[in-house]
Amino acid sequence: MTKPIIEVKNLKKVYGGREILKNIALTVNEGDTVVIIGPSGTGKSTFLRCLNLLTYPDSGEIWLDGKLINVPGVNQDEVRQHYGMVFQDFLLFNHLTALGNVMIGLTKVKGLNQETAKEKAMKELRHVGMQDHIDQYPGQLSGGQKQRVAIARALAMDPRVILFDEPTSALDPELIGEVLGVMKKLALEGMTMVCVTHEMGFAREVADRIVFMEGGVVVEEGNPNEMFYHPKVQRTKEFLWKITELYASSEKK
Amino acid sequence: MIEFVNFFIKYFPDLYQGALITIRITAVGLGLGFVLGLPAALLRVYGGKYFRWLAVAYVELFRGTPVLVQLFVIYFGLPDLGVTFSRLTAAYIALGLNSGAYQAEYFRGAIQAIGSGQMMAARSLGMNRLRAIRYIILPQALRLVIPSWTNEPISLMKASSVAFLIAVPDLMTKGKLVAARTYDPIASYICVAIIYIVMVFIMTGFVQFVEKKVRVPGFEMEELRV
Amino acid sequence: MFINILFYILSGAGITLSVIAIALPVGLVLGVLLSLVRVYGGKLFSGLAAVYSTIMRGIPHVVLLFILFFVLAGTINLSPLLAGAVSLAIISSGYQLEIFRGAIQSIGGGQMMAARALGMTKLKAIRYIILPQALRVAIPSWSNEVASIIKDSSLVYALGVPEILRRAQFMSASTYQPFIAYGIAAVLYFIMTFLAGRLLDKLETKTKIPCLQLEK
């Protein structure tokens, strides 16, 4: 069996007096696509940000490639280089072109020279289909295009895992497809991904494992077949029915 | 530290007299500025070519030159042309003209934020421009302008301190006298500074109180910093 | 006669420009650094920066100028010109702190988060992501502050520095033509603020980020 890339044990996070994450455990193996679903505001984004230490957990263990990372003495910036992150509101750097956005991690964090960085950046932009827009600024791109550039930016760093935080929630419906398409492609290529999303179609098709999170705990997890058709917990059944109804009707179109 | 407190207590009565004059100058300047600034803004937005040019010239001139120079021109320069003012009057006029230019910009921002649609709607009812301005534009503009306009009294009070250079008996002048008497300029001016900052604090508090009272929810514009 | 007055006062322009040439960059550097402390420093330092800005903006510039001048001239023995210029820089930094703070905050916390997600340290993120955007956004407000500094330079008159206004006064006293003398001074200041405004407008156009979207 392959060693897990990420192992999370007993994760707790308190925010403003409330226990957002009560006791989370998760294992992510190499090449897995893990999709986290659940009602809004239940800590899914917080959990994702704990994985790359953007939010520091209050207690518990996070292991990356066999190393414990949420302890003092660990270089957090270095840890974050091993993750890629794609945000709901894209968060592209407004003052840089698409190419500039993808290059800056390579030049300023990894210290590569301009030519090497440019080559790598172009490769990833081609990977996501944005090679014709390299000199445009974020303000000139559509939502779907911005998100694809954001994915290229994350890919350029050669991360071990890419974290997706509701990557399509801020997109117009017609643009969601182009982003999901890229994500599907990455999953098929063997990229390790942890995605928080409401896109059930994507979850069903692409996920290796689906994790249902609510109230700061993992309610149930399993492969798509188990989760969608034979859920063990009543709450899981309820949630998936409601969501699937909502999305099934829009999928029919 | 104790010495300083004693110092402050000893000379406060003198400084206090100056502070009263400062407040008076600020109030008069503010009022004069309002009377000049509002029409200037209206001329700038609604006036014909010549009036608009006049308003722009006024505003650019008084915002583009130091208030101290304006003061000197009025107090020292005008007598040359036959017009003489007392120190205090010169201060009132200079600060009033200066404040008017800044207030004009605040009002202009508010009037433009209201939008031409309001004027259009008013005129479609048959109102002439003057009526529209009086009953539709101004009531809205004056409310909208409050958050940014309230920067002006504070600005003005600080600006009034330059009047000490023409020996108007305001807070700064009194401070200078105390400094000359005590040969301790730093302590004297720190006292002056403290009194100014207290006055500014009080004014700010008052202004925030007024803002809260007058606020209409949903009817706000981005605060203009002039 | 008029020409004599003009040239004499004009010779003060060099001094005025020196004062501004010192006060402006020093104030800028101080202002940006302090704004970074204000936004990214811990509670303590951020609070201190806030107090600093409140004091600098709550006290009349002349008063601050005198206090700082006497402190500086007393301890370090600077010339009135230098002491005056440095004092103006310190006063202006209080306002610039607020200008850049507003600009940084309008860029939004998301940009910092995205930068850190790439593995940038806070310092790198500030240098390559935050500041390039914030400085551009700040140009219009900063241009107001530049005008303020130009006008405030007239206050060093009170320190005896032989700049434009002091020269104008001398002319006014010696030629009994106060209106012309002070009028010329006013025009000179106007030209300076006007040109500065134009230059900064150009700068803004040149460095504009296409279709920038800001958080309110």
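Here the chain labels run A, B and C in written order, and each chain numbers its own residues starting at 1.
Following the convention adopted for this analysis, a contact is a pair of C-beta atoms (placed from the backbone, for glycine too) under 8 Å apart; a residue touches a chain by one contact, two chains touch by 3 or more.
Remember, it's a predicted structure, so these values are computed and weren't measured experimentally.
Chain-to-chain contact here is organised linearly: an open path runs through the chains from one end to the other.
Chain centres here are means of the Cα atoms, and by that rule the chain farthest away from subunit B is A. A comparison of C-alpha centroids places C closest to the centre of the full protein. A straight line joining the Cα centres of subunit B and subunit C is 21 Å long.
In whole angstrom, the spacing between the mean C-alpha positions of subunit A and subunit B is 54.
Subunit A and subunit C have centres, each the mean of its CA atoms, that are 45 Å apart.
For subunit A in complex with subunit C, the touching residues are 52, 54, 77-81, 83-85, 87, 89, 91-95, 104-105, 108-109, 137-140, 153-154, 157. Residues 110-111, 113-121, 124, 128-129, 132-133, 136, 209-213 of subunit C are the ones that touch subunit A when the two sit in their complex. Taken together, the subunit B residues at the contact with subunit C in this complex read 60-61, 63-70, 72-73, 76-81, 154, 157-162, 164-165, 172, 175, 185-186, 189-190, 192-193, 196-197, 200-201, 225-226. Put simply, subunit C touches subunit B in their complex at residues 55, 58-64, 66-67, 70-71, 74, 141, 144, 147, 151-155, 157-158, 165, 168-169, 172, 176-183, 185-186, 189-190, 193-194.
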